[in-house]
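Two complexes, one shared chain (subunit A), two partners (subunit B, subunit C).
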Partner chain A sequence: MTSLRKVWVVAERDIKMFLRYKFLLIMRAIWFVSQIALFGLIVNHMFQTDVQAAVGGSYFNYYAAGIIIAMLYSTTVFIGYDIYEEADHGVVEYLLSVPVSRKELVLGRSVGGGLRSFLYVGPMMLFILYLIGISNPLQLLVALLSLFLFAFGVAGFSITLAVSIKSSDRFDILMGVIDALIVRLSTTLYPIAYMPPYYKGVALINPLTFAADFFRWGAGLESAASVPPILAAFGIVAFSSIFTFLGIVLHERRLEGGGWR
Partner chain B sequence: MAPIIRIVNLTKKFGDFTAVDHLNLEVEEGEILGILGPNGAGKTTTLLMLTTVIKPTEGTAYIGSYDVTKEPDKARTLVGMAFQEPKLLWVDSPWDILNWHAKVCGLTPDERRKRVRWVLEELELWNDRFKSVHAFSGGMRKRVEIAKILIQRPKIAIVDEPTAQVDVVGKHRIWNMLRDLRYEGSTILLATNELYEADALSDRVAIMHKGKLLVCDEPKKLKDSIPGGDVVEITLEKDASDKVLEELKEIPRVANVLAIKQNHLKIYLNQAEEVLPKITEFFMRMNVQVRSIRMSEPSLDDVFAHYTGLTIEEAQRE
Partner chain C sequence: MAVKPILTIVERDFKYFFRYKWWVAGMVSMNLADLFIMAVVYREMVNRNVIKDYFVFFAPGLTITALFAAAFMIGREINMEVRREISHYMLSLPIKRWELATGRVLAGGLRGIIYMAPLLATTLGITYFGTEGKIFPGPLEFLTILVTLFLVSLGTSGLSIALAVSTISFEKYITARGVVYYLLFFCSTVFYPIGLIERALPQLTLLARYNPLSCGADLSRAFLLRNPPFAPYMLIDIALYALIFVSVAMFAYMKVIQK
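Showing the complex of A and B:
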């Protein structure tokens, strides 16, 4: 079996596993609908014309493109929770014993973790794109590919944290705090122009900013993007590479030594 | 022929606790090697190091020609393991678990379909193949775990207490399937604390206690090696004092006396037919009434007791 095939077999397992968490999938979908149909629409009515102009004409469109990235992020980090569930049931030991290399295992899990949330968020993303309208399909395709890369990086990030922190409670609390910071210190919900200067620096190197702005660029909302598309694409590639590498290294060091025990 | 597994000074420490202590052992291709010992003897830790799930603190093991510390990925291609505790998520079904396992082990779709069906039918899991393992009994979960190895048919099959929680009929079925696996070319490492299982299945038995290998040989040779080839079990009406036990050991041809309880003694001796009358006479003289006498062949428990001074049951409680 080729290395690529092994990566896919591992990824396939995570995708199938995700589809079995029906409760989670339904709840996340409800969360998404409420964010768009309640929060998005109401807040849109609150903003004056000058604010609408600063975000490319419609705050609702700006927000909808951003919230899909927040959704993609929060769905992808779920792979970390899977690792704790597996550790509780001893499945970590099993996965370490199967005939795939550690690199193939972590790559497969990152691909699976990213792809499954990408597939799950996909229909919602299409709905958002329908609302916004697509001006350049090729541009959109490039943006979608890089969003997959972003999801792949978030999966690596979640795996890295999950294998670094042995307690699932601590992981849960930490992910809550990171979620609050990483979403709010990015351009997913509001443009960088309205942020105080001391927040801007963080927002400009935040992977969620890269992903949200690149998606807006792909959806034809270029004027709303704070980061140039090339820089955003570079940021996404760097984020994915760093956390895939860290995931592989830490997975081997923390788990193989019997560290999950 | 070079051994298919060569364990060299294999050691694993968890903090100050030494789980496996400088283990040296060789396993020949095609044999079933039983690793016998009470819980905590270091059996599972040894197996986890051989499957590269955990890294040794010191020493190494060679799986085929691959060093588990240097070429773990290659070593894993030769090994398959059925764990002591079934490794299953509650949302899984046997069908999903086994199909994925077959896939990750590189079986073609055709082989996969045939083998998964065959094993599920043999282990009487076919009708429950789509049910969540959450609803399964301990024995059913154990059968799903053992099914992985039967589907994989690895060069080296490592099975950790394969029949724990399995009923008697199921035990025999699994034993037969393990024997078949060996005839098809697998070498089998069987960790167990069940004496009968080790005796019935193994070509050789390695006895471990407190992380150390005590002895390794064919079951018959191990039993023959105990000084005092006959075993007499005597139950007394009242507890025997230490003085009685000491004097009992002084009777010619009595090799050893093990007090399972103070009124239940296991006496290892030579030429039982000649010594037995002397023993009964001794108890009469000591005014201790004998309730029952039973002669038996030495078992692996006796071998374990010979090396540790404890029965496996006692060692388990320690």
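Showing the complex of A and C:
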């Protein structure tokens, strides 16, 4: 029987551990400010009028909402790096010795991985929502809940990759490549309508597209969403279910018999 | 002047650069994704009266960003060395302080140039095939581009070292580095022309115009795209940037490692 209290203890530890990444947190925060206050404001003047109409009236609002999703993704994947670091420093042996079952441990990691980045991105998200303006609070609440689910999925995705690849170098390289591609091949930065056909296919099944479009729908930028909200919500649920499940199963399996070494 | 000890330091730092396989792979994929995905999509969105072809416009800018990021890496290592007192080992080497400092600054600059070289070749191809008159720089123009890029790289290496030795607190260093890095990146003509910055954020126009990244990008564009036209102030600006930050970095580095 899985104890929710124990799952929470593990998740709480991961949230506290996140504060160790001062480097990441500071750099991400500065990146966010410069993306919004410099890049976003300037490129807003660069586009044709039909682009402004296609993104719901203001590219700046469209871009700001997308940047939040990119930020949520890039901070959540850090749980995978934690798993490598713990294996390197012998912390896994300690974690296995605490009175928490394997299932509770891996479930807690997944919950903690998603929750901590959600808490970190939360204030920036509120700031962006303040800039955009909220038109339908209930719609927004649904979108925020789905983003929470999305963060779980990304944590599961990162854990799945971390436990499937033995070499931390390879994991680093793969995460770098995925990070570069997954954000740019989604609607976080631009709408699907302007993508060449060979990128559209990938963008349409990209979980970041689902998350960005659903968040925009929740924030009242319905006309800017390229994917219908029902489909985006379904995509987020499917993505998070698959990767949370995979992450938990693979991580649990790897913990047995010293597979992390 | 002893060249051999300087070359030894340069060689050491150069080898260290290729230890960061993950960083290099991440940077390469980020740069290529920016060029072949982001710039390709933006080309369809950008007002043609503002930028005729964003993909072609962005390619020289990307070369500068890649050069800047690679040259900036040396600061992170030096900050780590100062914090972990590895600089004491460096001081024990039979090398004069100024030779050590010269080697470090030079290595940072060379890293930028080597990392940027394949991107410059790609940019030459893009601007040749992407412009109506198939523009290719003449030998003197090409040499000017190379010298300019090397000076930008050298100045950036100096700037990052000066920042790195200004504090032993990792958090303060990271904050300062982030602010300088992103301010120079986004407040430049790397991603957009100066006219757009004037319209959107007029208070930043002066900084954007004399930002060495802007001068480097615009000078490259002047020879690769014939727009904006070449202006001597670009070269003077970059030479001053390199001179000031190389001097500051060498002086600060020699002072800090002797503490």
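Just so we're on the same page, the second predicted complex is superposed on the first by the 259 of 261 C-alpha atoms of A that agree within 3 Å, B and C clash if a C-alpha of one lies under 4 Å from a C-alpha of the other, contacts with A are read in each partner's own complex, and residues count from 1 in each chain.
Here is the rule we go by: a contact is a pair of C-beta atoms (placed from the backbone, for glycine too) under 8 Å apart; a residue touches a chain by one contact, two chains touch by 3 or more.
Bear in mind the structure is a predicted one, so any value in this text is a computation, not a measurement.
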- Could you say whether A:137 touches subunit B, subunit C, both of them, or neither, answering first, second, both or neither? neither
- Message: Touch test for A:185: subunit B only (first), subunit C only (second), both, or neither?
- Response: second
- Which of the two partners, first being subunit B and second being subunit C, lies in contact with A:197: first, second, both, or neither? neither
- Task: May I ask you to decide whether A:9 touches subunit B, subunit C, both, or neither, giving the answer as first, second, both or neither?
- Result: first
- Task: Considering only the touch criterion stated at the top, classify A:177 as touching first (subunit B), second (subunit C), both, or neither.
- Result: second
- Query: Counting only touches as set out at the top, which of subunit B and subunit C does A:43 meet: first, second, both, neither?
  - Reply: second
- When the two structures are overlaid on chain A, which partner does A:30 contact: first (subunit B), second (subunit C), both, or neither? second
- Task: Determine, under the contact definition given at the top, whether A:17 touches first (subunit B), second (subunit C), both, or neither.
- Result: first
- Please tell me which partner, subunit B or subunit C, touches more residues of subunit A. C
- Message: Can you tell me which positions in subunit A touch subunit B when the two form their complex?
- Response: 1, 6, 9-10, 12-13, 16-17, 20-21, 85-86, 89-91, 93-94, 96-102, 256-258, 261
- Mind listing the subunit C positions that touch subunit A in their complex? 21-23, 25-27, 29-30, 32-34, 37-38, 40-42, 44-48, 50-51, 170-171, 174-175, 178-179, 182-183, 185-187, 191-192, 196-197, 199-201, 204
- subunit A-touching residues of subunit B, taken from the complex the two chains share: 12, 14, 48, 51-55, 73, 76-77, 79-81, 83, 85-91, 96, 100-101, 103-106
- Item | Sites on subunit A touched by subunit C in the complex | 22-23, 26-27, 30-31, 33-35, 38-39, 41-48, 51, 169, 172-173, 175-177, 179-181, 184-185, 189-190, 194-196, 199
